[in-house]
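Okay, here's the structure, questions in a sec.
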């Protein structure tokens, strides 16, 4: 993990620690705001092991600050609830036993009110800790905690969506929003999917410390890329429907062997959340069941589906290196959490010669397995368990989604999930060349 | 199901329907009272598929009255929430689809408040239905609904106990009660376990319609019994500890083959809820972790354990017919739900010549498989799915427990669970002879 | 286990032990004869955990004689292969570790030739042991071993049938036999299924020692039976097809809850081995795929299916006590192993006033759970593990099948299997009354 | 798949096709020779789904030639056993249904003799097909079939080893061989493990058609590598024992998260085949149980173990690109199948400045996930299912093993297995730098 020079360098930021506190406070408030439409019962919802209850997210992110900052570094701090140390540990083996992930919904105690109180207590103590003389290594840890909480903000959205979706009544997270989604039909795949070309050559990949980044984003290193092309926009629901209607889910030759087994075992014939009603496709959204918008990016597909679609389309997925090389030219802007759409939106641009939707909307599956960069070393201690130990049987996704905070995403950011996962906002951008 | 003549016969009960309404109202209030110590979150707790959330119990018992009485029989009644019909169906195939039992905890909606409102709406309509001219067959159905809700009252207790117990903090359902449990050590097993003898002969077994009973309690029929003896009291924790300390869980020859596999697969070495702390045995109770009381009846053991214990003790379990023949002489009294102990208590009697603890404290595993009596016919229609379809791979338990309402238990009552179940208040009475 | 007086009483049988040797030798030869159509590879076949390889049966039955007779009782006997003691142990916990049942097919060593040699060695030693002065308790053990091997003879047939059936080529165990099966269509169920009536009263049930019997057949005891009726013959394929064509497998109300789950989970829509080819039903037999014979008894159905069929037919299954009371009047004769049909055959009698097919053809599912009789005590030592420890979650079957040796079956014989089992020759006789 | 110019270019090989037939014949004989120590029963052995019976390998490799060459390309060829087409299909979805992999042991028919006859029939027809005028595309397919059979030769060895090893008697595949393994103790890890250094730069990776290669070995492309170092030899049993004795299997921080779950779920505490006897480590070999040779390469470890060991040793695994760049300098020689050791052997060289054991002994786990190279396109048709569809959740291994035929291995060869697999001859070479 590397930390911004604006924090290291006091000269350029005379009110350094207040700024960190402000960032801390804002992120903490955002988590609460995301949960505000939820009932007490919704906070405890867990419909599959992967998707944790919102209450747990609120507590676990707090636990991070308590365990790694307050307990070791704030003199006189005494944990009000010592049992939370194990209770809200997620996977840090160095911390000790923890409840099974699949059973997080069984923690009816502490109550939501107690978790809110826990957050307030920790926030109060954090305000004390974030004094002007905060040592840089602690500032780094705070930044890590802030980014950690942002990750869980995205999970709050996706896990709540999954949890509510399994209720046969399909209750909405919120009323239908003001985000009017145009129903304009895009032209078919072959007609207008423009490509943006990139030259072969050595590209510098990875973060090099001019701002916060996770340990897995570095070290920065050279990667040689063959010439390649990226689709200017994301694959749409319309295009994905062509794939479905063309028998995509029934053609073994399009699928990875493991993917074929997966779709047959789970009887997948469409993206997650899609339901056919009277011949029309609907899908569950944060605003309840809605008709599928043809021009919007396809979402909630697994790597297996992204890979099969690309093969069917005569293209492929980009590698994470190609994606990052291309993204280096793009401004970090798009349909991110701050837009409050909470769903991917159609590309607003009509220029197929420039990359659109690189940030936000949906995480883009890449064809790269999640592995350490040359020279990668995890951070020392428990926080070192953060990224490195998952470098197996996962694929990299890039670019953030409609549930990703703006300040959390960047060109070097590496998200990763197993190839069968699809409850995150995950979609497809085609690549070509080579 | 048979219904009491006091309901059929208006002459002996001039205010017949009010009485039924009173019984209805009282049972409904008891369910609410049992849930009153629970937080909103506790109401949604489900730590294993078998143990449903309290909120679900509150809704499902209400659903029963709505589905079988109000909707078909109260003119003008219109379900406020038509989707509840499937949502709170437990297992009635005739009613339609239903959520998976294991996923009842995922129903964050309807909220607890909505379920309370659902109960109030149905209670109001039931008051209308329970008019003086209620036809006898509907009165029977109401009685069935009342008894059904009483069954779920016991489940509320046992399911909440299980749910809270899995929380690493072991939160209590309520504060330690006034039920002081004497710590007097009973004498060892061989010394004073007196037996009560019964002659061989033909015994009439089963209900014959002089009061409410479930369909599986009849028809009444003759059973020929060889001479037998029953232990005057339940097996105690002290005696069970002897079994444990004597290596009972390590001696294959004591166990049924399936039981041996079960205890090894689950690593059972003590009853459910027992934990050893500093060499002492504690167990989780409705009042949190408490030391095991040696003189109290052993509880939360499976059929496998009851059977192995009996074999170790040179005895056996009674058949359900022996138990019922013996119980016909006993008054229905004991440590039932109304005593509010919510745990089994030591035998208060000291006379080993008379049967004690036949009702209440713990359900007593019998050596009888749960099967239909000669001439058994399930009731017609959906309510006929109540008992008959479970007559396979279950063992019969008799006598009620500390969580059974007094008006719900009787000599002919047949409870049943699979041999591995142990989260109910289940214990052991030894038998001998033959 | 009780042994015949003809063995105990030397006076009536001057050449007592030679007779035992002859019986031993004949049974041993029968096992080999049953395996003679098998290739070396067929001897190792195991297509599901329950169905063991024929080679294993040949070795395990030999192991029984070696472990319980030769090693402890023949002076100077030394096991040629000490490792066989654990290798061919089936489930006797008292003997020690054993390979997992499901992995018996992985014992490529010892080879079939070595197993044959093992049998010869043990037979030779047994001939020495079976001297004229054999103590009665050893004679009892030999008889137990003989009956044990007869049980495995039936398993050789059923396990080989299952093993070969899973080969997509459906290879036959033997060429089509001379047993011509008449294709005469029986009249429909209601028309001619006559019933034989029995009075209520006390019946003596169980073996009382006038011949060999297993420990689970005693003690003999009185059972009070209500009046009942048994169908004069077994249920036919024709009748079972009516059930199937009438939607029997799609009507939840006909099924036990566990049965309904079982047929849906396994997608059962017909008896085991049935396949529809061009609209006609065929089934796999020891002679390969053959058309289903309408007049022959239905076979290879589970308890769940037998129970559902009986409910559909407005009847029920007999209890094991009813069956035995009725069988006491019947001669032990029928389509047993010696008839060499290896499949159930249509009833030859046309008199519906007398019971037919009580012995042989198919084991008849009863409505009785497998439990110990009053006063049941397992034999001491390892042989005591034979029957008692399986008294849980199994149903009793009566009467033997086309794979049961004639000398092995009797009115008191209790076979038992879990309710989902159907690879044995299992069928249905209806009962009525009560 | 690309084919050698010696085949394409008739000028340099006037007797082209005879040479192909010779290669074919030799490979076919090798398969038979590898099976020659096996009994008929051993040929059917399958102790886990992944490890197929030898008989199946003999048939499946034959099926390949029949399905892809004889049936479509030899005029007048008629399959003697049409049912083999599905029976011996391994995973080609384009061919049709096939028996479940885990149930290959249930194919007692066809017999071994019939499979031998099938091989002979196909060989005879192949001789006809391999006429002088064989079109190049068919020659390519034959070469693919030859390489396919070589792959299965390695599997015959590893699958037979696994199958025999699960027999409690631990029978040997063959008598102890003449390969005397020196017991000289190597110096500890830190003392003498020399490293061979490589410069950073662009390296050409992949095959470019100057000989047979699989489709997944190309296209040849440039990869930029940072400077790196490879250990001159494989990790030894001695070094691995240090890891074990140092608590390697109990330190969560050394393991990938999925690896930690794997070793705990499977209770792995040593490589596959290792057993401790009287304090000494033994392991199962093709010659039965033998003491672990300290100087020999550690073998039968999973990727998880290789990765954890490397982390413990302060090193890492090489990427497949680093390995290939280094291997380009090495002659293809080593302890391969032709040495007939059938186990890895200590490094014979003592010069730590040159790479040793790059080919043979054990497949070396790399830190590279198995993915397509830039521009990778699978071959068209069913043979295209060969490699590409497994590009998910597998890691690449390089260099061949003691069971790999010499003519089958090369610098560009990419083997792949899931990270938990360890029944192949798999080991570890450390890398460093970066």
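Order as written gives the chain letters A, B, C and D; numbering starts at 1 within each chain.
Keep this in mind: a contact is a pair of C-beta atoms (placed from the backbone, for glycine too) under 8 Å apart; a residue touches a chain by one contact, two chains touch by 3 or more.
Here the structure is a predicted model, which means the values were calculated and not measured.
K.L.:
Quickly list, by label, the chains bordering both chain A and chain B.
P.N.:
Touching chain A as well as chain B, we find no chain at all.
K.L.:
Hey, which chain ends up farthest from chain A, C-alpha centres compared?
P.N.:
C
K.L.:
Report, in whole Å, the distance between the mean C-alpha point of chain B and the mean C-alpha point of chain D.
P.N.:
Here the centre of chain D sits 60 Å away from the centre of chain B.
K.L.:
Calculate how many whole Å lie between the centre of chain C and the centre of chain D, each centre taken as the average of the chain's C-alpha atoms.
P.N.:
Distance between chain centres, rounded to whole Å: 47 Å.
K.L.:
At what distance in angstrom does the C-alpha mean of chain D lie from that of chain A?
P.N.:
38
K.L.:
Touch graph of the chains shown: is it line, ring, star, complete or other?
P.N.:
Looks like a ring, each chain touching just two neighbours.
K.L.:
Spell out all pairs of chains that touch, sorted by label.
P.N.:
A-B, A-D, B-C, C-D
K.L.:
Would you pull the chain C residues touching chain D in the complex into a rising list?
P.N.:
Spelled out, the residues of chain C in touch with chain D are 39-47, 55, 83, 86-87, 99, 103, 105-109, 111-112, 163-164, 166-169, 171.
K.L.:
Taking the complex as given, what residues does chain B use to touch chain C?
P.N.:
Its residues touching chain C are 91, 93-94, 202, 221-224, 226, 252-253, 255-260, 303-304, 367-369, 371-372, 374-375, 384-385, 389-393, 419, 434.
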